[in-house]
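Below: a set of structures, written as structure tokens.
One chain, chain A, links the two complexes that follow: it is found with chain B in the first and with chain C in the second.
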Partner chain A sequence: MVALTPISRTPMSFYLPVVAAAGAFAGLLVGTAQDSSALGVLAGAVVMAGVAFVVTTMVDNEKLSRWGLVIALLAGGFLMGGLPGAVIGGLFGWFFGWFIFWLYEGRYRAKLAPYLTPGQVLWHFAFRVICGAIFIFLITPILVVMPLSFNAENFFTFTPEMLRFDPAGYSLKHYRDFFTNSDWQQALRNSVLIAPVATLLSVGFGTLAAIGLSQPHVPFRRAIMAILISPMIVPLIISAAGMYFFYSRIGLQGTYFGVVLAHAALGIPFVIITVTATLVGFDRSLTRAAANMGANPVTTFFRVQMPLILPGVISGALFAFITSFDEVVVVLFVGSAGQKTLPWQMFTGLREQISPTILAVATILVVVSICLLTVVELLRRRSERLRGMSPG
Partner chain B sequence: MSDQTTSGPVLAADGTPLKRSLSRALRRQKMRALLLIAPLLLFVLITFIAPIADMLFRSVENQIVQETLPKTVEALADWDPNSGQAPDEPVFAALAADLKIAVQEKTHTRLGSRLNYELTGASSLFRKSGRAVNRMDLETDAPFKEKFADIDKNWVEPDIWRTIQTYSPRYTSGYFLNAIDMQKGPDGAEARPENQQIYIMLFKRTLFMSLVITGSCILLGYPVAWILANLPMRTANLLMILVLLPFWTSLLVRTSAWKVMLQQQGVINDVLVWLGLVADDARLVMINNQFGTIVAMTHILLPFMILPMYSVMQTIPPSYLRAAKSLGATNWTAFWRVYFPQSVPGIGAGSILVFILSIGYYITPEIVGGTTGTFISNRIAYHISSSLNWGLGAALGAILLAVVLLLYYAYDKIVGIDNVKLGG
Partner chain C sequence: MRPTRILLATTSLTLAAGLASAQDMTNDMTLVSWGGAYQASQQNAYVEPYLAMHPEVTAVWDESSNEAVAKLRAMNEAGNITWDLVDVVASDAIRLCDEGLAMEYDPDELLAPGDDGTPASEDFGDLIVSECFIPQIVYSTTFGYRTDLVGDTPPTKICDVFDLDAYPGKRALEKRPINNMEWALLCDGVAKEEVYDVLATPEGQEKALAKLDTIKDSVIWWSAGADTPQLLADGEVVMGSTYNGRLFSVIEEQKQPVAMLWDAQVFDLDGWIIPAGLPEDRLARVKDFVRFATDTQRLADQAKFISYGPGRASSAPLVGQHAELGIEMAPHMPTDPNNAQNTFLYNYEFWADYRDDIDAKFQAWLAK
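And then the complex of A and B:
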């Protein structure tokens, strides 16, 4: 929190119009919801400018005025729209309390270079608002699914009960359905049976090949690399079509083994990429030192090289696992009804019988992916620390 | 010692010349590397490359006519397809003999459905004739031309014969011609009737929508990558989670989320109605059309754009921009002339990646695309699982594959496949 610029209180002619503009925007939202946009804009601007004037000239106690504003707007929202209204009112109150003093005390300028023109300052914050909007775009779909999965009705949208935070609007019935319905359980079992075996195959072959590829002299390195990465690049529908034709020729179509092989092929590029990336920082003199001290290549691999590249191998394995666990196109063609996996079941659920159990499954999968993401991130940091690439 | 080494070739410890010893060591090293790679290479060749090759083979393979009607094909060779008349008795006799065998082996219906792709009605014609031929006696029932005319008038029309003759070779370009809205006539390729043209339109739509998706990914990804690269490490890492979480979340979860959001009774419409921006009876149609596909796929592919851009932008020193500004450049000039050119490699890498991924997408268009928002891949899936016209599906796939490989090659040239990074 180093202040780049000395800050001072701003004149009233600056912060009152800005707060009024923000108030007008908030008023527009509230006003259209109550069927009178023009009145909303006017009232929002006047009220917020008035509040800003009062708290900055008459009260002049930041903590008190901010809490007062939150409580006032909370109560106002509750009167206008019940509990959801109160939540929105409270959020508005918190925002305006912060916003007024942020502008009034000149804090917005504190962390910016002193030579910036007002236009540049404005652009700086406008840019952040734009980025914020994009981040919201990125994360909202995932966040929306979670509360909806607790819906007591069989709808894909928020019911009035849910918006009123009425406990009757929420239930765990979709989760119960997932854990008791035999279709979903069979699908879960298949996914759990297929993904680890496919991962094991791709990690086993992939790690060996990555070590081979990172040797200093490999003939046809580029061509080999291109072939090994290709399952990631070729569109899944083409891989699926080809595998369907070929595996039915050799009798693997519709078998568990066929699906495992197909998924292992799809996971290989991820293992290759992560493991070769880890091997870039691997110090070759370590293996030579081990050999010098009498270790045979196998011992050297397991005692020296493997522990050092393990983070890369594990994150490659997680990528391969999630590829197989998430995959639907190939299993749709290569598998038969007996190999129906979780994503396949979701796909049919979305296409044919729309059941909100999908949302419960989606929420569980999001939690799983958060866990995987955390593990991968920790491993990446550990591996960078081991290789001395970053201080953190 | 030193004067000894200058006289002869340098020797290794075991007495062989050093040069040979070194090259042997190098050869051994290469062999070891290849041995390590070999199992995986073999695995990928069998489980992945062979299926692709099989698909390419199926897109030109056409042995069924030759195998089912060998005598007919031979007899038909001298027939002039432009004569406007059905061939003469010997061809019909050969057909009767061929069909008799085919009916016993039950292959005539398969041939019928194969020819039906080229000439509507061929399937029922063969099924009907198969039953009748089974009752015929090859020795006594000649002449066959009238017999076949009795079964179905179409046998004495030239159309079916023209089709059989055109598709008699073992390999055909017919599927590929179909895939680009043409057909194989007796005099070579010709355009299909206007009302049957669909694939060129689908290819164009796939390209157009992939371009729109790539464009919107650049527009949305650039600011995010910029802010991630320019914020302090700690904040950037926190915000990075917001990018990586969608990246790690199941594709079907994200697709179903968009289905939930975009429906007519969905979250976005509900919010708009609640705000009064949209009347309750005029809810926006945002799903089952191109808009839905573009929005959902932009969201799904955005991390693939942000991550390469971010890794390039991280390497651009912020002092360059400050230097440009201190030399009198305006904000825009400094960005456009100094920062942007350095970030172009990131944009290129991200764009090619997003374009490659979007051009072959299947799941998302299938679920949120309806009829107007589907891609060529949905058509391929339709031909393989529903219409069972595998050859056409394979030909469409081969064209798509060619486009993707071209882009893959470009990506390899520009970025290098070794430089693909996952998860930042």
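And then the complex of A and C:
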């Protein structure tokens, strides 16, 4: 993007307080780690304001200052916390070097429209910082467990060896445990046997229901829709308890088929909702045209309607699959020990034995989910491109 | 199964196998236990040997002992008992027995005599605390502490837990009144034999809570047995209570800088119950399994995998070395004379009578 606004250096009264505030925040993080938050805030603000003052008035050589700051904070971090401290210090140094000159040279203004008021500029960046903070808040818990799954010890703990990046602190033994332990393998097998079948049922019934309910002449459409959607709205524990007693009476409790049925019931609402959404844009004259040309309703469905609502069916199927694959409450009630799924095994593992094998499984599942979603997204783009719905 | 049959069956393993298949027995068992190292010890000590003797049998574990009472009630209401044998602590066994959800049994008929010929009822002795309870192990709830966080004078007395000046830092205590109230009273100057008399009065309960109040800000409350080992390994707490087997695993197997504080350990029992109302064929299989799993040798074998004392008197001399570490297990048993210098006897009747009342007070105090 080209510069929209000519930039000029900003006064000291502007960039020193901002850098000091950022320094205070960084100091809070470091200070808290050293058990003295207040001191950290003070030291961070003073040091960073001082650095900004020195490099902008005395050194005034951007490249030299930024490299100097990286090296200085890297060394400082190393003295405070060894290798991990040095990495964090180096990152802080890089950030503050960039940040000071970004403010001092007025670069922050370059890509914004010239007519924005200072308040609007502030909001522009505040908005980005807030978004970033929310993103970090959501993603950090997932990222933190990943290195822990390579722990050489049997606890959810960053050991000193791990923090020193010592290879002895890391191992693949929890992954080995997952792939060799018969409990985990049985759970994996159960999950893999249950989820696809439940998905298939949900997609079949859900798509049929959505198409039926989209016909204007069906009586009590809204009431039927509400009932079909209810498993998504009713608290899971209520559905689970209800299913438990009902399935017990008819002999389905504790059977493979019972769990599949229960999961299908949970997945159907997702399919109905996504398919109904795509049906809104579906042109009914297409089915009439197909009928006019001699196609029977089944052929019409598979040759005309299905390809057009496929994106909705696929995303519904994905939701149904994930619902079944992640589900722990209903299977605890409806299943017996023979139908122990991965989430069930993780749940009991977490409660009875806090073992990093759970983290290894979680990491594998996260990677599998990312792959799955990427593949679906690529397929979707490909089909849109083939049908000429989007350029490129 | 008639008693004569059982006697016959135990005379020879092959004969037993022959009889087993001759009789109407199902070949599937669902065993309920606690998961973790404890379940592994059961698996190694008697489930695997039993399955080796009876290749046609399969056993599935369900790690639901924590909510066994609730689940058995639901199963009973739904008329669909899916469990065959359930591992519970003694107090749960008493409750299940009172509610008619567990089967009453005759020890001398169901269980094998000791290898010295002592009838089962004498071999287990007082540990059969309920008509339905088949004892397996004696465990204790006790404290472990970080050796690197307590300075030069490690804690030796239970009251050190309440001493924030000598041992600053967090403590892990179980999120329920049982044990905590007793320890609080002991450290508030109440004599050991009077603890339950004092705790029966509202003033005594206030007194215990007041003592706990002195350390409340430094307590991390745990609810699963695995919590305290994790907190100790993290260095998050200086000391914490949990089951002695969990601490053994932290110290000897995971090699963490943790040591035991055996003072005023509270003994408790864990064992099997057979759910009431099992169909004939499943009951026959379970009886056959229980008889094997609770014999003298099997209970002694279990102690090779976890540091819990066997429930039979006749098993004690047979306790050997740890299966993998090769260390003598006897000094790690809660019942070892060195460890049991000062123990506290958990009073089942008291807690059966007062549990709901004191629980409510304890939870209200926690929320304050």
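What we mean here is this: the second predicted complex is superposed on the first by the 304 of 392 C-alpha atoms of A that agree within 3 Å, B and C clash if a C-alpha of one lies under 4 Å from a C-alpha of the other, contacts with A are read in each partner's own complex, and residues count from 1 in each chain.
Convention: a contact is a pair of C-beta atoms (placed from the backbone, for glycine too) under 8 Å apart; a residue touches a chain by one contact, two chains touch by 3 or more.
Source: prediction; values computed, not measured.
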Inset, instruction - Pick one for A:Ile130: touches chain B only (first), chain C only (second), both, or neither. - result: first
Legend entry - chain B versus chain C as contact partner of A:Asn154, first or second or both or neither: second
Inset, instruction - May I ask you to decide whether A:Ser336 touches chain B, chain C, both, or neither, giving the answer as first, second, both or neither? - result: second
Inset, instruction - Have a look and say if chain B or chain C is in touch with more residues of chain A. - result: B
Inset, instruction - Based on the superposed arrangement, let me know which partner A:Phe78 touches: chain B (first), chain C (second), both, or neither? - result: neither
Inset, instruction - With the two complexes superposed on chain A, say which partner A:Glu352 touches: chain B (first), chain C (second), both, or neither. - result: second
Inset, instruction - In the overlay, answer first, second, both or neither for which of chain B and chain C A:Phe301 touches. - result: neither
Inset, instruction - With the two complexes superposed on chain A, say which partner A:Ile229 touches: chain B (first), chain C (second), both, or neither. - result: first
Inset, instruction - Pick one for A:Tyr170: touches chain B only (first), chain C only (second), both, or neither. - result: neither
Inset, instruction - Go through the superposed model and pick first if A:Thr274 touches only chain B, second if only chain C, both, or neither. - result: first
Legend entry - Intersection of the chain A residues that touch chain B with those that touch chain C: 155-157, 244-245, 249, 351
Legend entry - List of chain C residues in touch with chain A within their complex: 30, 32, 34-37, 39, 60-64, 66, 74-75, 77-80, 82, 224-227, 229-230, 233-234, 254
Inset, instruction - Please name which positions on chain A make contact with chain B in the complex. - result: 29, 32-35, 37, 120, 123, 127-128, 130-131, 134-135, 137-142, 144-145, 148, 155-158, 201, 205-206, 208-209, 211-213, 215-219, 222, 224-231, 233-247, 249, 261-262, 264-265, 268, 270, 273-274, 276-277, 315, 319, 322, 325-326, 328-329, 333, 343, 346-347, 350-351, 358-359, 362, 365-366, 369-370, 372-373, 376-377, 380, 392
Inset, instruction - Provide the residue numbers of chain A that touch chain C in the complex, in ascending order. - result: 153-157, 183, 244-245, 248-249, 253-254, 336-338, 340, 348-349, 351-354
Legend entry - Of all residues in chain B, those that touch chain A in their complex: 26, 29-30, 32-37, 39-41, 43-45, 47-55, 58, 220, 223-224, 227, 233, 239, 241-246, 248-261, 263, 265-267, 270, 274-277, 299, 302-303, 331, 356, 359-363, 366-367, 377, 380-381, 384-385, 390, 393-394, 397, 400-401, 404-405, 408, 412, 417-418, 420-424
